[in-house]
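In what follows, a structure is listed as structure tokens, so that the remarks can point back to it.
Chain nomenclature is as follows: A, B, C and D, assigned in order of appearance, with residue numbering initiated at 1 for each chain independently.
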Amino acid sequence: MIIVLKQGTAQREIDSLTARITAMGDITVTPIIGTDLTILGLVGDTTRVDENQIESQHCVERIMHVAEPFKKANRMFHPVNTTVRVGGSVIGGEALTVIAGPCSVESEEQIVGIAKAVKAAGATLLRGGAFKPRTSPYSFQGLKYEGLELLQAARRETGLPVVSELMSPMDIDVFMDKVDVIQVGARNMQNFDLLRQLGRIDKPILLKRGLSATIEEWLMSAEYILSEGNPNVILCERGIRTFETYTRNTVDLGAIPAVKRLSHLPVLVDPSHGTGKAWMVEPMARAAIAIGADGIMVEVHNDPAHALCDGQQSIKPEVFSEVMKDLRAIAGVIGRSV
Amino acid sequence: MIIVLKQGTAQREIDSLTARITAMGDITVTPIIGTDLTILGLVGDTTRVDENQIESQHCVERIMHVAEPFKKANRMFHPVNTTVRVGGSVIGGEALTVIAGPCSVESEEQIVGIAKAVKAAGATLLRGGAFKPRTSPYSFQGLKYEGLELLQAARRETGLPVVSELMSPMDIDVFMDKVDVIQVGARNMQNFDLLRQLGRIDKPILLKRGLSATIEEWLMSAEYILSEGNPNVILCERGIRTFETYTRNTVDLGAIPAVKRLSHLPVLVDPSHGTGKAWMVEPMARAAIAIGADGIMVEVHNDPAHALCDGQQSIKPEVFSEVMKDLRAIAGVIGRSV
Amino acid sequence: MIIVLKQGTAQREIDSLTARITAMGDITVTPIIGTDLTILGLVGDTTRVDENQIESQHCVERIMHVAEPFKKANRMFHPVNTTVRVGGSVIGGEALTVIAGPCSVESEEQIVGIAKAVKAAGATLLRGGAFKPRTSPYSFQGLKYEGLELLQAARRETGLPVVSELMSPMDIDVFMDKVDVIQVGARNMQNFDLLRQLGRIDKPILLKRGLSATIEEWLMSAEYILSEGNPNVILCERGIRTFETYTRNTVDLGAIPAVKRLSHLPVLVDPSHGTGKAWMVEPMARAAIAIGADGIMVEVHNDPAHALCDGQQSIKPEVFSEVMKDLRAIAGVIGRSV
Amino acid sequence: MIIVLKQGTAQREIDSLTARITAMGDITVTPIIGTDLTILGLVGDTTRVDENQIESQHCVERIMHVAEPFKKANRMFHPVNTTVRVGGSVIGGEALTVIAGPCSVESEEQIVGIAKAVKAAGATLLRGGAFKPRTSPYSFQGLKYEGLELLQAARRETGLPVVSELMSPMDIDVFMDKVDVIQVGARNMQNFDLLRQLGRIDKPILLKRGLSATIEEWLMSAEYILSEGNPNVILCERGIRTFETYTRNTVDLGAIPAVKRLSHLPVLVDPSHGTGKAWMVEPMARAAIAIGADGIMVEVHNDPAHALCDGQQSIKPEVFSEVMKDLRAIAGVIGRSV
């Protein structure tokens, strides 16, 4: 951590600040005195230093981080890739993960039919929303608990583990029982109360990146889960909010190699939410694998034109089969498999 | 609502889509046929039309909204300003609201002392965080339930109604009992589960704008609360996330006249979180009132350099008194009072 | 074009506005009258309608575009892909374009050496900056006219056509003589005076996307060049500015399929400027090709650690050879070649 | 400047890098060695250090700035406010500057009429576009040289100094002769060739902030002009590009106190371009003055509904008179005058 002091800070203020910092833990403070500016370089266990507190000192102009603030999510301290086991599937290993299914579960016939189709095409997990976060209170909000039951039916029929989004801490017990991977949506990425509670279970958590979350904040949200004891975190890039409105969001594919360098956690890409356009899913899925993602999460619907949600960004099972062919070919180029 | 059709859409597809739409409710569809493009204009109760569903039709290129999607929050249907009563105070009336207090409650001495000081300077409500949403799991997370008790003590001593942030739906009952205004933080602005539950009580809700929320999404989150039956929603602009990093966030003051035009709900500005810099609070507070906000929410701490949270953006009580003088003068210019 | 009228607009105002619009050209106005809102749908030659002028009418609430405002750049009116010939190379055809070379030309030995190396690895054009747009007036600004001479030398030695950035309209004649493709940098993407002048020559123009330009604005800048008569426009995505600071910019790969759908112009990706990190160039280049770009533009330097500019994002010739191997493999997957 | 080294950097690499840096000028390098990271703190004349060059060293993870990179624009080295004299008017002094006039000059009658009206209401300078930067090549591009002549006529009639936008370096001589303040538009803020040439004259330059320019980049563009010898730079905030689309841009009023702290240059606000909505100009102008801007630049048109450009954001002379009344009242509150 670097502390930039205000011009004209007196030596006794520097001494007093240094004493205060060293009292916080095992930290060494090195002053660097320039003509115009004095800075203090801190090394040691700086996670104990509350940056806001230091920044509010009268003599402090501003603070700059050197080390990343996340520890358990940090590759520096855990150089080996984390893999997460779900059923017979391993997420983050050499083989790519493909999570496919409808935006929302609508009926047993629908979810079982789609599950069979995506399994046949090579999907490794089934997605399906039971509780849907919708911008409008007047939009379809999902089948809720009934949706979870229907996902169970689809799992029984196909053997595919199921992924579904949790919206309330009150439903954790039900999700423990009914789903294989609990999804935290982009809008809840900094719902710290929820994250902390999900850190106390051992179910795999799929943590989507928030619409305006930096890579660092995303990894700090993973840290919330990891720090409570649950090591099974899977990240998922799904597009960030920018000034561009042609696509629903802007997929930040550069975040994939960035996360791979900064962290040991597996990271997927959701080309459906990221682009919001069915015709863009196939090229974006190819690019996601080409850049090094551990897999994709994609919306597939047997009848997008009648889907109760997100039909405009869902692809049909037959298109999904084509996507899978592309992914197999690209995976081969970069030394992975599907 | 406007539906832009793909080039070369056949008449029978137009007919079929029109039939499907009119079956959704009391909607009139007017086709406008150009050389290159055909568009359908929809009027009537278009809230029944699920845009995603229409957008997923094969012949649809894209959809454009004409009417705002919020109804109960919409000034078009409720031309008169909403006012929210809290204790003896009215939020959204001619007199400005000034909510002041520390980022977090730290001790009885601290919160009571600050409460007295801000009351003396003219604050109308006391703020104080008991549950703190922090980016890092290793930062101070608030005194929690004990913090709520200390807020009660400060209210008893000063008579100021208290505002505090709720992070979990499991704590709604406690907050009903202990605070006068429940704050929903920026990170939970689209925690729809929480919003819906807050719509079922009648306690005033202070809804902060999310870091990357459009004005429309913010009003849709207010709509979640209103649609469940709670009319007491107060909006609060606290800065949005942009590419600029000099300030913590970019305060979007243009959102104030925008919200005033689009909605009847009261709207405040938080110059402390918005700028992240104590020395910027005073000018930003002046500007907030000058542009027409119904008041401000500001962090005041007796000893920012030892604050457990956000000291860098907190002002001292004596600076707060100066801010109040400015606000009184500016309020006079625009025909309001403090 | 859709015109949304203010609530309560009188019929005579609608008639007067309609008359004014139809006087502007061959335009049909269809009114759609709802309970709360009236909208006017315009079809015909709406390029003649100045949106600002209409929007300033007293009865107009706002305007919405239906058709894209670009014509010559629009795939709707030019369904076939444009290809641009440079030397023996074709940009926008089945074979991918690879433009490689140093950020800036530094010496004859440097540019000739790099030119030979990138040619050997498979590059089809040589890039090299002679005039450098630098944020700071105190940074190295390029060798200027001498740099153009050195590029000529590299072209003579290797036969590679050369690409270099133009910063002033006063240098167009020199560039006509010395380079094969004139680059317009991101910061000049809306330097309309320059664009217009470049539309009056027939030299191919490489038009980089501005840091905060929407896809529509980018295509409108292409339209400036095309509308003056120069059909040889090549687009290049190089990252947009977002809130994320880990990478220098955020590469918007979704813009590639978007541009391909909206326009017939060839489009490249610059993974060097887009990411600002040498170690990210290889995965981003793979993703660019996988998503459908017509090629890449990449910074290669024989000695990045001593480069006078952008060394941190330049790769060495031997890494470039590896990138080329990847691109060949990915090109094969999507039915293209290098 | 802080250099963060890669984990495991050997001592001889540190020594070699240190030697290289100290060879660049009068710079002291202090190493700070932590358990996981080593950082180098640089003080002295770090403007000589090319950050890109350092960042491209193999052992360097990344670089962080401590000092601002601008010198002549920096308040640290020029604590006293700069004032710019234009005719009898002083920009940046105690009295506020009000630049008013139409988006574009349309006719002698129009510009002289508006000039008289805005002068009567209290404007201190007249604005009027002769060369217009338009997103579309098909929109009205201004009266060009004829427009400059008409501005001269308005100046003769009213005595108001005139401000107009320059788009090409080829027109500098004409502008030297015809206008009193040369405006550089947002889209040319990083047209470094133009900035450098404007640094070689002594005419006051009004430098608008680019749509996606950070405050630091804006001040670096001012530095381009200042470093060539022209001290007469006036800054103008006009809104930045964000995800919010309700307003044309997002006015970053927080940039005003930020610029005042970082620099000694005068800074204005343009509420017309910033919001794009005539009804928002008045409240935004009030807020601009309340936050400490040195004045405003506002579009006034006698007949917005027939304006050839930007009518939707222009106010009528009678509204402008009301705005002036507000500004006088607010100026009084903060100890300034109009």
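Annotations for the structure displayed:
Everything below uses one rule, namely that a contact is a pair of C-beta atoms (placed from the backbone, for glycine too) under 8 Å apart; a residue touches a chain by one contact, two chains touch by 3 or more.
Here the structure is a predicted model, which means the values were calculated and not measured.
The chains in contact with chain C and with chain D alike are A, B.
Chain centre most remote from that of chain B: C (centre = mean of CA atoms).
When the C-beta contacts at A-D and at B-D are tallied, the pair with the greater total is B-D.
Inter-chain centre distance (chain A to chain B, centres taken as mean C-alpha positions): 26 Å. Taking each chain's centre as the mean of its C-alpha atoms, chain B lies 31 Å from chain D. With centres set at the average Cα position, the gap from chain A to chain D is 39 Å. Across the assembly, chain A contributes residues 212, 241-243, 245 that each touch 2 or more other chains.
Residues 47, 50, 52-53, 55-58, 60, 69, 131, 133-140, 167-170, 187-188, 190-193, 196, 210-212, 217, 220, 223-224, 227-228, 241, 278, 304-314 of chain D touch chain C in their complex.
Per the touch definition, chain C reaches chain B in the complex via residues 2, 4, 7, 28, 30, 32-37, 39, 41, 43-44, 64, 66-67, 76, 241-243, 245.
Residue ranges of chain B in contact with chain D, taken from their complex: 212, 214-216, 240, 242-247, 250-258, 261, 274-275, 279-280, 283-284, 286-292, 326, 329-330, 333-334.
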